[in-house]
């Protein structure tokens, strides 16, 4: 089955300043460091669970750069650590979530990486795949309904989610109503153990756009600048009333699904090793060095700073308290939790 | 896998019991197929179907796309057309998109076609908490479904029951929701008779006889209730513990016989209290055995909040411990 | 008039004999008679409900002609009166369903038009749109599983159903597994009161096929011969292991959705009248006359005969008894119906 190959990484600035470019690298490094920290803490027996997003750093940092803080709305999925960081969630908040502390966004209720922040425009999500897509569409409808141009909804999901009925229903509705929503598929080729060939009849998700009557776009998900460009175009189209876009960013999932998964059961070490050649972090770092936007010393200092910030966030979050047991009964409804009325 | 003893049985845990039973079913009937997310190459996220795809082939062990409604719906079509599918919903928390296919379709096919079309289908799913599963990997779902005529539901707690009831469910000509408490997967071990056998649906099991209180439970909590009841023995408190095993149909005789003897009833379940299984049991006993009771029926259940949280104190607050159950038992016996 | 097949001018028959063409026409006439009979009985207060299928006659008669009785399986929806007739259901069986008699296949339990017949290969279905499609896919899987070539599942639905999540999930699974499954969409432009423009953003449903990686095509559903050709091509491909297809037949719904609907609340009489000019029944009548396949007397006789058949079926079915109250408790399970086991 023929697979569309993403374009190779070449340097087109797309109006990004040096500071922004370095900022993208920093977000990517922070994503990876925090993710690795989650795995570490799990191995140390300090937290029960962490999920993986290695391989997604390019698409998430690029998309985050195109997101307009204070205006746009993000409805992500549970692998979007970098995207959440990129739109303003802090490493401390990420660690609070990993440690399930009371000060976490969900007061320790949600699984790690299920952030929510009204201030940042980050919607609350569950672990149920594609359930967030109709929500994203509804949010976009609200924006349109109130006549709020200049705002868009960015919603993300993996290749597996595109098989869900709710994916279809959401895209269809957005298309009918020309809603300001960008559907960004982070196609990493694996849905836990299900490869693309068992997930769909043809591997190019973006080609479905025509059937729905909306714009479609393909981008190299390992290239943050390309992702910034393509996602940016789609968001601009949405904000200007031009309707939805289905963007497909081809990337790869380097690790297992989560700390509870063992990917050696279903794919070869060789496949993963071969794909490491496209690892977005070393590729982008090399690009910045070649373009003299960063020196080797500055890159090293950046990594140290990211590690320091991660360590600081870890220590501070770990020291925080769990929620109180009786917190269980709060916020079931606006008032009260009992089903029987006296 | 497990140790074969000389008494014609093998010691295994609940995961192994599911696996062994599914394996035999696949070997003995080539109408049997397994479908679900990650059941093939991954062998299921708890390794229940590990290596099945190698032995039985991808035609019989199907890695489906992520599409829960159609996992059940496609299984319904297979069943209508003569296969004997065993569908898996990876976690019970993901079953909601399939709700219509289960209650609106599978449960009604025999009835609406006057028996011409039937739906011999098993839907297996891990449920329950105590594993830091938070809002989407911890819920109990039996109360949503046990209301529905045409559907059958079982929730075994012991490996021997897992095998017997799974075999019976696979043989059953009607749709069965087979609930596996995920915390008991590796935690609970027991003797499982070798060879093929079934346990009829609708039959509870008296795990421990007693004279002062009847405790009815199922799933993980049956083990905690048993532990609690045993801990009270030395104080001269005599508690009878019944494992429901089967939720629809449910064993009326076992419950009523026991209440007739002990005159007190405590229902213990992990699921939320309001509208849970305990509600139906309470109503039935109140209707049919009111004058056997020396105390109000009591239900010790999950609190009526959306879910146990990820943080440990929230999970612990939600779940009941053997100590809490023992307290409730003592109080009732004293009443 | 000779009944042997002689090449007739510009009529493209796709291999259909005169006899088959007359059978198609008879099916169309009978469908309309029975359809109208349901509405009549409702107006007379004899039955509480009936559904209309006027406008679908050519599509359903043509499709039925391509169906292989005794081999193929049909997974229809509730507007497929003509298709069910065409694959072997009798007017009597149809009237039994309308009158909800005990002798009905479903014992009077189902809504009218919710036929099922194991003997005819007609799968039992509900009123829930698209819920039957995963069943159809599962049935196709069973066929492939058993290595049965020469058989396929023909599933039908309206334009509205294509918005359902389960439509998408069914198409996707059939495509991944290359199943002997044909999705025939009867696009009549209205889903009760929802016009196409509110149902989807681009009106050509067949174009979604490429997104699934399967063949798709569109044909004129007012033309029974074109319908036959399109359905036969797709079913032949499916039967011989060539995998699924999405085929779309365009037609129009002339009546309201059902006897409980008033279509004047959402569309104009002018629109309906204008589309009547395409009415497939008089149109095909004209074709048969023009090409000498039938003459006016023959057509008149056929009309009378279908009316006679309809009347006889009506009288016979009406005379049959309702199911007994005790029947309510049968066929819940194979065994006892009670949830409490003694």
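The letters A, B and C name the chains in turn, as written, and every chain counts its residues from 1.
As a convention for this text, a contact is a pair of C-beta atoms (placed from the backbone, for glycine too) under 8 Å apart; a residue touches a chain by one contact, two chains touch by 3 or more.
Predicted model, so just to flag it, every value in this text is computed and none were measured.
Chemist: If each chain is a node and each touching pair an edge, is that a line, ring, star, complete or other?
Modeler: Shape = complete; every chain linked to every other.
Chemist: Using mean Cα positions as chain centres, tell me which chain lies farthest from chain C.
Modeler: In terms of C-alpha centroids, the chain at the greatest distance from chain C is A.
Chemist: Go through A-C and B-C and name the pair with more C-beta contacts between its chains.
Modeler: B-C
Chemist: Quick check: how many Å separate the C-alpha centres of chain A and chain B?
Modeler: Distance between chain centres, rounded to whole Å: 36 Å.
Chemist: Quick one: report the Å distance separating chain A from chain C, using the average Cα coordinate of each chain.
Modeler: So the centre of chain A lies 45 Å away from the centre of chain C.
Chemist: Using mean CA coordinates as chain centres, what's the chain B-chain C distance in Å?
Modeler: About 42 Å separates the centre of chain B from that of chain C.
Chemist: Which chain C residues touch at least two other chains?
Modeler: Correct list: 165-166, 169, 172, 176.
Chemist: Please set out, as single numbers or ranges, the residues of chain A touching at least two other chains.
Modeler: In chain A, the residues touching two or more other chains are 163-166, 198-200.
Chemist: Note the residues in chain B that touch 2 or more other chains, in rising order.
Modeler: 64-65, 67, 69-70, 97
Chemist: What residues on chain A touch chain C, complex-wise?
Modeler: Touching chain C from chain A are residues 1, 163-169, 172, 175-176, 178, 197-202, 207-214.
Chemist: Spell out the part of chain B that touches chain A in their complex, as residue ranges.
Modeler: On the chain B side, the touching residues are 37-38, 40-43, 45, 50, 63-70, 93-94, 96-97, 132, 134-137, 274-275, 303-314, 316-318.
Chemist: State the interface residues of chain A toward chain B in the complex, per the touch definition above.
Modeler: 48-49, 100-102, 106-112, 126-130, 160-161, 163-166, 191-195, 198-200, 260-261, 265-266, 322-329, 332, 337-340
Chemist: Per the contact definition, I'd like the list of chain C residues that touch chain B in the complex.
Modeler: 73, 75, 104-107, 109-110, 114, 116-118, 123-124, 126, 128, 131, 133-143, 145, 165-166, 169-170, 172-173, 176, 330-334, 337-342
Chemist: Which positions of chain B touch chain C when the two form their complex?
Modeler: It comes out as residues 33, 59-60, 64-65, 67, 69-70, 72-83, 85, 97, 100-101, 104-105, 108-118, 146, 149-150, 152, 172-174, 201-203, 246, 248-253, 284.
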